[in-house]
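What follows is one structure encoded as structure tokens, with my remarks underneath.
Every chain is named by a letter (A, B, C and D) in the order it is written, and numbering of its residues begins at 1.
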Amino acid sequence: MTVRVGVIGTGIMGADHVRTLTTSVAGVRVSAISDLDEQRAQAVAVEVPGARVLSDPLALVHDAGVDAVLVASADSTHEELVLACLEAGKPVLCEKPLAPTSDGALRIVETEVRGGRRLVSVGFMRRYDPGYVDVKAGLRDKVIGAPLMLHCVHRNGFSAPGTATSGLITGSAVHEFDVVRWLLEEEITRVTVHRPRSSSLVVGGTSDPLFVLVETTSGLLADVEVFVNAQYGYEVRCELVGEYGTLLLDEPEQVRRRSSRSRSSRVSLDWRDRFAEAYRRELQDWVSGVAAAEQRGASAWDGYAATVAATAGVAALESAGPVPVDLEKRPDLYESR
Amino acid sequence: MTVRVGVIGTGIMGADHVRTLTTSVAGVRVSAISDLDEQRAQAVAVEVPGARVLSDPLALVHDAGVDAVLVASADSTHEELVLACLEAGKPVLCEKPLAPTSDGALRIVETEVRGGRRLVSVGFMRRYDPGYVDVKAGLRDKVIGAPLMLHCVHRNGFSAPGTATSGLITGSAVHEFDVVRWLLEEEITRVTVHRPRSSSLVVGGTSDPLFVLVETTSGLLADVEVFVNAQYGYEVRCELVGEYGTLLLDEPEQVRRRSSRSRSSRVSLDWRDRFAEAYRRELQDWVSGVAAAEQRGASAWDGYAATVAATAGVAALESAGPVPVDLEKRPDLYESR
Amino acid sequence: MTVRVGVIGTGIMGADHVRTLTTSVAGVRVSAISDLDEQRAQAVAVEVPGARVLSDPLALVHDAGVDAVLVASADSTHEELVLACLEAGKPVLCEKPLAPTSDGALRIVETEVRGGRRLVSVGFMRRYDPGYVDVKAGLRDKVIGAPLMLHCVHRNGFSAPGTATSGLITGSAVHEFDVVRWLLEEEITRVTVHRPRSSSLVVGGTSDPLFVLVETTSGLLADVEVFVNAQYGYEVRCELVGEYGTLLLDEPEQVRRRSSRSRSSRVSLDWRDRFAEAYRRELQDWVSGVAAAEQRGASAWDGYAATVAATAGVAALESAGPVPVDLEKRPDLYESR
Amino acid sequence: MTVRVGVIGTGIMGADHVRTLTTSVAGVRVSAISDLDEQRAQAVAVEVPGARVLSDPLALVHDAGVDAVLVASADSTHEELVLACLEAGKPVLCEKPLAPTSDGALRIVETEVRGGRRLVSVGFMRRYDPGYVDVKAGLRDKVIGAPLMLHCVHRNGFSAPGTATSGLITGSAVHEFDVVRWLLEEEITRVTVHRPRSSSLVVGGTSDPLFVLVETTSGLLADVEVFVNAQYGYEVRCELVGEYGTLLLDEPEQVRRRSSRSRSSRVSLDWRDRFAEAYRRELQDWVSGVAAAEQRGASAWDGYAATVAATAGVAALESAGPVPVDLEKRPDLYESR
């Protein structure tokens, strides 16, 4: 069976996904493409034999030639489009955030629960990064004992112009929120945000870097440096500290150059460079899951929980102390497999 | 266009390739499978919707439902099968060696030249390993200047029972022979083999490890440790030494564990573990090339040159000094793109 | 000139110092040794030609054959002994803490200021560790721009029996307090302490690990994991994050072993193992400074400031939020050279 | 007891040794200094309280105020000076080579044997490098089983003007010859030299790099890249390959910088930078040995054996194949302790 995927949104991320689906994923065909900017959609579609361009994204969702939908359009459109997919009974992979507000994300969860079937996946691609997968495997194999702390670093070379301080939470730290939940299989209970001295290279009053503390049900403490104008490149690291040892995830590094009094290796340019393989595996697993009628990857519940934590994080920006993360009761539909 | 691939040989490597093609490669379908052991072929085919089992591999080559052929059967069958593909005018990806003898490999080259079109690819997967690709890119970007030496290490945990000393050359060092040619874009001129003290764990009179010296047209010297009973795991490394610096390819390492007075990272189990991503990229590139009517990866000429070098290497086992590598004149068909 | 040193305290640290002074430091002789346990002092002195054992440490301070004093006795004795050295006008190297209380440390500062000459050095040996020295040099050379954050890890394999939670601050985190001040040449303004989930291997109600936040005059935020029952070994790391890049100090590692599917390197056993070279350089610099009539290493002011920060840290253990670090005005005597 | 050392030769190395002895070594005093260039000797002596300048090096050897002699003068003077020390019955530490010719080195051995007491140490400082010491300890602890191969890299940034090809053997590879003998506790039996393509940056017909093969009594094969115009810096590495695993000695690296899309660490400038700690430990051990009336470090026999191997290496430059290393029978005096 070849899964026919409709892609909504052909910005940087969406266009990348189309390319990955058509050149590196088995069992899939991109059959329809939609974008507010129809010319942009055309430019992408022309490279994909058999792909039609539809101007109305909702028409794409309901199109008979579309088995599953990939949502990579603007954040503000996610809720409506995902709800439409649920209505149409079609699997959907939605880039994060599932919805910009906790309420919106909750509406998706409730709608999916009413439907009785998990159809929604959220694009938290780190769950597919070989390094993160190794850390989780190490934790499961009990090589470090019970986890006690998690130290995280999340750096971008440069932020998009006009990025507000809250964007460091909702756009960057939210990945670590999902990592904490996925790695530890616990919920986040509180978020605190510190504002270290800001880089003088950051303009417009944005606080950058931030230092975020996250507490979980078991009392584990995770700390996250978020620095989106780190200049030197993109870097994501973490160290999970357990009772008997630690697991340290560093940047992959395979080739080291000796030159000019220095041994050096390359730092990633951006998240697409760093997580290319994770994206490919995510898309492959999603497609294989669609073919097997099985939801895979982060669920709507995961998307909701990350949004609630991010919302608490934004509130914590203006709070002297910790802000609680209050989740609804988790529906049975999301009992982890 | 979906490329319909017929796979001949369903041993460890062939079965792996079927799995990779069906679960991780875009634009392809495995339509036919053949193996001397028909039950083994059946066991593989049952996992692949739409794949037929053909008992006669030559029938598979000529089957109307097969656009391209992957040869992963016993070494002794390669020449006949590849020649059949050429006769049928079908692209073929042949696992190394292209043929066990230089004469056999040359017959394939000559037949392909007569046909006037490159159809044969040889499975030297390291050309697709991200690390090796980085080293080649670094060399091209002139970050280390002209290359002068290449130090290589090729270790397996354990050899197959009954491996002869010559098998260290034809099964292992041959990968480095191809790496030398591909990386430097030069031919090999001489091969010398040294026999260091052998491991006491090796039985049956096999010399293991070996130390192989390779010289190229420009005078570059490559040295290769081949050690197929290294016990601790699988490892492939190299350092390319240039006039201004070096490029060192080490094992990928992303997660380091602290425990019991030690910082450690995992060593690969075997070549499939180490080169899984290289195999996927190789198969994807081959399939995309077939769809684009373009031969990609190592060519029949590359397969021939590696076999001639390996033959010289085997002769060098019994020679006190260097053994020359004498190639025929390279046909125009193989001018590098 | 040979400096004649009197050593007070021959526990693990003091005995080590005697050994280092007599076997690895130029221009020095240990001429007198004192310990509450006179037999222990004898056992150490017997290895040192020409060293006398004095039962009264104050007699040692005033002894005509002693040019300078090394204090490695119990913390509670430090203040009295250092004050005696000031009275005698003799240089003294005091193991940390300079005094167990801020008031005690301040009395030393005031006494020294009245004397008008810096005679007191405090044993913060990390200032002599080649790695920390490199980090400081990198910061000075402006290779990372202005510093914004400092991430620290401080782990011991096992704590001494009966270690209270406050001991994690006064015995371990205090080293990072000094590192922050020395590296950044700024004072600490506030300390916050978090209690992550404790290791189940820790008994007696001690909270271990702790996570300590330190703020400085310029707004820099330093975070410190202190974990004194980390089981796997001793490890100290830090990463200094600047506007243009970072400097990461990791454990020294020179030899890596391949064996049993693993690449590994050794983790230090304890602080003496890790900082042996730092101790040697500290003692050499102190001795050379004594010969040159120049105080070197951490000053009485540094010892005072570290004690005030540690006192705030202990208070922060019982506080929900940050505890201020209030220092007296720094006397002119301590203008950094 | 304070050992009074006389230093002959105050070039770069000798002046360094004087500085190390006076500022970082316990139990020693530099009492006399000699150099062909008396002004140079004066310039060094002026920094050393109590050191006299003697114009005649033989007078220094016999001076009553000199307990032991450090020879760091021109290679051609070594034999005469070491023989004079033996005549005077004084311990001597001679920079390598012990003598420029095998015959000269043998004369020293024979003279020392006649005297019946080991007084001569040779400055093979790598025996004191913490990394090499770790490799030897790992071998002794049998963590890799019996050794089979040793891969070595020896690179200098730039050679001295006028360095002949033979200088790569006698000045650089000779260190690896000593390492092989010391690490494995075996003698070298044969040396082969290959001349890879030379760097175009090397002038005057010198072959650089060289690739040297060394065989030992047990059949172990060591290979050494010697590249004295590697441009990028100084680097020494080795990997010892055993039956069960390997030990890889890499450059020490403690601080890594992130900046400009790169993670980097510093490469050493030259051998003094790289081996500063080894030199200090060597001098300390020599001085302590003198005080204990015990010869330590490489012996006259080791110096002789290295010279014979280097002589074979130079002959191998002009030979197509291996050149044997023929040693005299080892006198009982040099039974290893």
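Points worth noting:
In the analysis below, a contact is a pair of C-beta atoms (placed from the backbone, for glycine too) under 8 Å apart; a residue touches a chain by one contact, two chains touch by 3 or more.
Protein names from UniProt, one per chain: A, B, C, D = Inositol 2-dehydrogenase.
Not measured: the values here are computed from a predicted model.
With respect to chain D, maximal separation of chain centres occurs for A (centres as means of Cα atoms).
In terms of C-beta pairs in contact, B-D outnumbers the other of B-C and B-D.
If each chain is reduced to the centroid of its CA atoms, chain A and chain B end up 37 Å from each other. Chain centres here are Cα means. That of chain B falls 57 Å from that of chain C.
One inter-chain figure worth recording: chain B and chain D are separated by 44 Å, centre to centre, where each centre is the mean of the chain's CA atoms. Along chain D, residues 232, 244-246, 251, 253, 258-260, 266 each make contact with two or more other chains. If you check the complex, the residues on chain B that touch chain D are 145-146, 148-149, 151, 153, 194, 196-201, 209, 211, 213, 218-221, 223, 225, 227, 230-232, 239, 241, 243-246, 320-321. If you check the complex, the residues on chain C that touch chain B are 232-233, 235, 251, 253, 258-267, 269. Within the complex formed with chain A, the residues of chain B that make contact are 1, 21-28, 49, 130-131, 134-135, 138, 143-144, 244-260, 266, 277, 284, 288.
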